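The letters A, B, C, D, E and F name the chains in turn, as written, and every chain counts its residues from 1.
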């Protein structure tokens, strides 16, 4: 089976990291194809950038020409998953929801440790809409921007491990979700520092997508995610450059 | 003061209707400027179209050259308000929230009567995120598409009044919100048919925007709606032709 | 249009301050008439006093002889709004709800900073019943009594600004509501000290009331706020001397 | 021990019925003293009347001269319990809460069957504030006014049993609370008609009050129900003649 | 009337303490019979032990040969109450729910102070399912195991009083529930140290059970707690030797 | 990898069906070992039977001698998963949660269609505790007992398809979860009859368990699911014969 893993920002090195992470979790026989959006921000750290990403992901998937069996939207707390579900029949898995859903099998409460404080409300809102917030102990910010995670991994581990420990001790989290598409490489170090299971969204999403495909399950088309009605749409897909 | 009222779809006649409706509610001295997006769908009835609208509204506001004091996003249940709040300092009022917030001053519970059944979950999700759902008795669909409201007003009144009566009798709503930017003209007829206050989102939003401006209040910039960080953004604004 | 603004306590200087504050937010053409109850406590800081205020406000409005278009109940967290809505057809706006409703247009979460700790649960309960609590970050007490706000404005500003800063930093509030009818004069100083929008209930309520009146909206009479049934009522209005 | 059971309306025959009902549930050694308010409505069926009742009950208790060990406020869905708790040290038990609290020991979900539809939101609000609503299946109205329960008991039983059956069959209630102070006599007939436990508020409240007194428990005075601060209060107690 | 009070662990001295505590709260004419399970753990401090206790309590009650009028399950936060309700017609009162329900009559919010931190989620879950969590300020752990409460009462009082004070000061609790079947003897000392009402579960449960019995109320049998259907059950009751 | 799939009742033919269903969803290289409890009821349709099952599943797993990588508890709405998590380090997946969690990736809201009406509250409670209830549209009963599903598959399909259609049309479910361990064979027929995705708990659980194992994730041991403390436990494991 082939799974498209779509980055939400335009930074190619992050796409590669996300693709590698997805591959590390895939079963034999699963092909991971990672995609970088044609437009949008070099990192998503707020609503404007996230709305751009929403359409950029839809655009990237629609331009992909080969067949595929499932799509993973690899941004933490981003907008857009519902639109993609309207456009496609194959399952769409958002990594924010994949991580939360996975964490809930491993402990009574989980926390998310993410990048900047300003993205915390976006993640909280996504979890609330997804109905996955009841067992969320907290969403905490490490204070590092998305691209700093890549450029300074040592500082990233320290900051994320620190917030994770606070989540466990003060907020009573029993599992930590890494709240960014590009954090998978930190998994081991944070696990060692905290003693609790660490869940990466991309890797979790791969397992969930594979399982949905194996069971032959597709997005329900009876109401919310029915295909758009035939009508005049101007300017889409966007002419970029 | 000048308030921009931005339609979420590309249908110019709806923009005019929305503008007229806004003007009918404005105080002396308030200038209403209505804007039509450069791109997007001719009507918004689902998530894909709504995400397009989110960016189309931001695009329309950013291209507007004159000064203005507040912005009204005139789509019911649409995405995007949070992005606009990041980009602007002046208050941004979404008509879904304006209507709900207004209805709550008039009765114990309110219902929304909207267009197609498929848009009900979008509206429910917007109300939930806005924290305005606790006193929502129901969101009901009339079964008419957005453009049918314009083309067949008689049928529109009958369908909306019918669902409004059910909302009052079965769901115990005491106030009805008209769940579409283009329904303001139906207000009187639906009020006559149901005997309860009928709230139009655009007109409510004008009063709220005027009041915020008069008090000198602006969007908080300390966290969620801080301006986007300086970074590389590709393809924005979109080249549309 | 004429709006009655009714103080909930019997302190005439607070009534004047509330009236002045209301006038400062009113549109041209709006007449503000402030009323002081005939009975009740010199300040409302608890349930017994608040229940007295509930009836005192109804009494004051019923004794007012001229015509009027809307009523503002100018007490923070007080009982009684629902009773007034039964007795009147014109809109009734409670300042607790007006402030919360306004704050929610300006930031992701808001806090209320009020007087004494013992009034915090009253405000929390009012927000819960109003369905406006989902985005309330916290209700904090300054530790100053209602009348101390008037008598020692400097200390009041310091105490309220202090708690507001804690609300922003610790509770992640992005907007502060001044949780007392008599705090409007502190607005500017607290805004300067915190960098977030400060919402005053009385001023917000004026804008909301004006807007409702302009749209011709009145309290729904189909269920909760239907007029009292004709029946024998003993002792009302109270003989006070 | 002596328990004051205070009617919320001025109808003496209802006070007697309430007193008799309380006595039927009391342990040996418990003296029930029933009180009728000096002022207020002959029946409470809405917010204005309920606010009057709130103060009328406080007034009645304060005028009672003998010692007593607990107070029961015998109105369903009425305002005022929090005020009484401020004024007294002995336990105060509201029958709305006593009935709900009792019903929750007997079945998974309970419904309340009350008098007029307009009182349903009052009861729902009281249960919500009391934090006893999570297992409430529904609040249903029989359509009979408070005084009709007394004057036409046969019709009352039929109407209440009918709604109770609907609550069991449609709303999945497993226990029914009789939603009015004056319904205790209907208990047996409704139980026979429905096959589920029927809980009367007054009788439940007696057991709870006795138990609190026996354990030596009193209202907490550290915050919400601290005694009113010393201050000038005008017009209280009301001069009624 | 006779009430069975069933310990959830196999420690006979705790059974005696629970029985004595129950007797201290019983009315004249109420006979308390305390039972110790035939199997299970010497103390319940987690889910496995609690599931054992669930069946051990059912077993103990089913083996009891005399008549009885109500059953109290005397474990804090334990599983099993719903099973017992299926097997019996007489009322079943769980002390976790009895304490919470009682505390809610005495203050605006309550906290539970229990033994080990690991049992906190069990108690929170029980309160959530019981629908009694809305006014729970916190569940706090003293850090002492169940059996340490007995063996070192002085340390127990200090630890529990310390957490109770934090619950009052930081979590704004106005009432404290002692979160263990064996804490009744600490009641007085903790009350003295905190100045708020202290509620013991066993003693509360006795009052509630007596009251239910006096009113002739039994567990509803129409749905959730209907008797088990006739079917083949293997191995029950367990052969324990 | 080897996954234990444990039936909750003692009916061997159901164990076989569950095992076959699990195998149909497993990846190459996954070995499914199905286990039947030594004790308990021939079908679980209530709390008493479910509590027996809780311990019977723990017993079955503890008696299994070979190594294994994950455990699936194959009962819908049953107690016990938390106990098993304490006893084991490998992941434990409950099919009620697996199905709900899976359904939420496929549609906006899901319903569960189960066996008897009396089991509905058990399932609702399990979903509530799991924090997976926010997007549950309804839990509906087909009216058929667990064993009737096996004995009369045609009637089972008709009853379940009928309730599923009602769930879609009236409750607005977009996905249906089959609410019983033994329903997997009905999947296709119900899907054909309803046009929405049908989720089977056992099959979903296999995918989730495989994914957790592949990622190397285990149950968090820091708090709720820490191993039982060393202490005296009487009678366990049960002597059954």
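The rule is short, and it goes like this: contacts are C-beta pairs under 8 Å (C-beta built on N, C-alpha and C of every residue); 3 or more make two chains touch, one makes a residue touch a chain.
Computed from a predicted model, the values in this text were never measured in an experiment.
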### Task
If we define chain centres by averaging CA atoms, which chain lands farthest from subunit A? Would you check?
D
### Query
Looking at subunit A with subunit B, do both copies bring the same residues to the contact (over half shared) or different ones?
same
#### Entry: subunit B onto subunit C, rotation angle from CA fit, given as a multiple of 5 degrees
180
### Message
Please tell me the distance, in whole Å, between the geometric centres of subunit A and subunit F computed from their C-alpha atoms.
### Response
28
### Between subunit F and subunit B, distance of the C-alpha-averaged centres to the nearest whole Å
44
## Note on the structure
So, in whole Å, the Cα centroid of subunit B is separated from that of subunit E by 52
### Query
Could you say which residues in subunit A touch two or more other chains, in rising order?
108, 121, 172, 223-225
### Message
With touch defined as at the start, can you tell me which subunit C residues reach subunit B in the complex?
### Response
25, 27-28, 91-93, 97, 101-102, 104-108, 130-135, 168, 172, 174-175, 195-197, 199-200, 203-204, 206-208, 210-212, 214-215, 217-220, 222-225
### Query
What residues of subunit F sit close enough to touch subunit E in their complex?
10, 38-43, 45-52, 54-55, 58, 79-80, 82-83, 85-87, 117-118, 121-122, 125, 128-129, 145, 223-226, 228-229, 231-236, 238-241
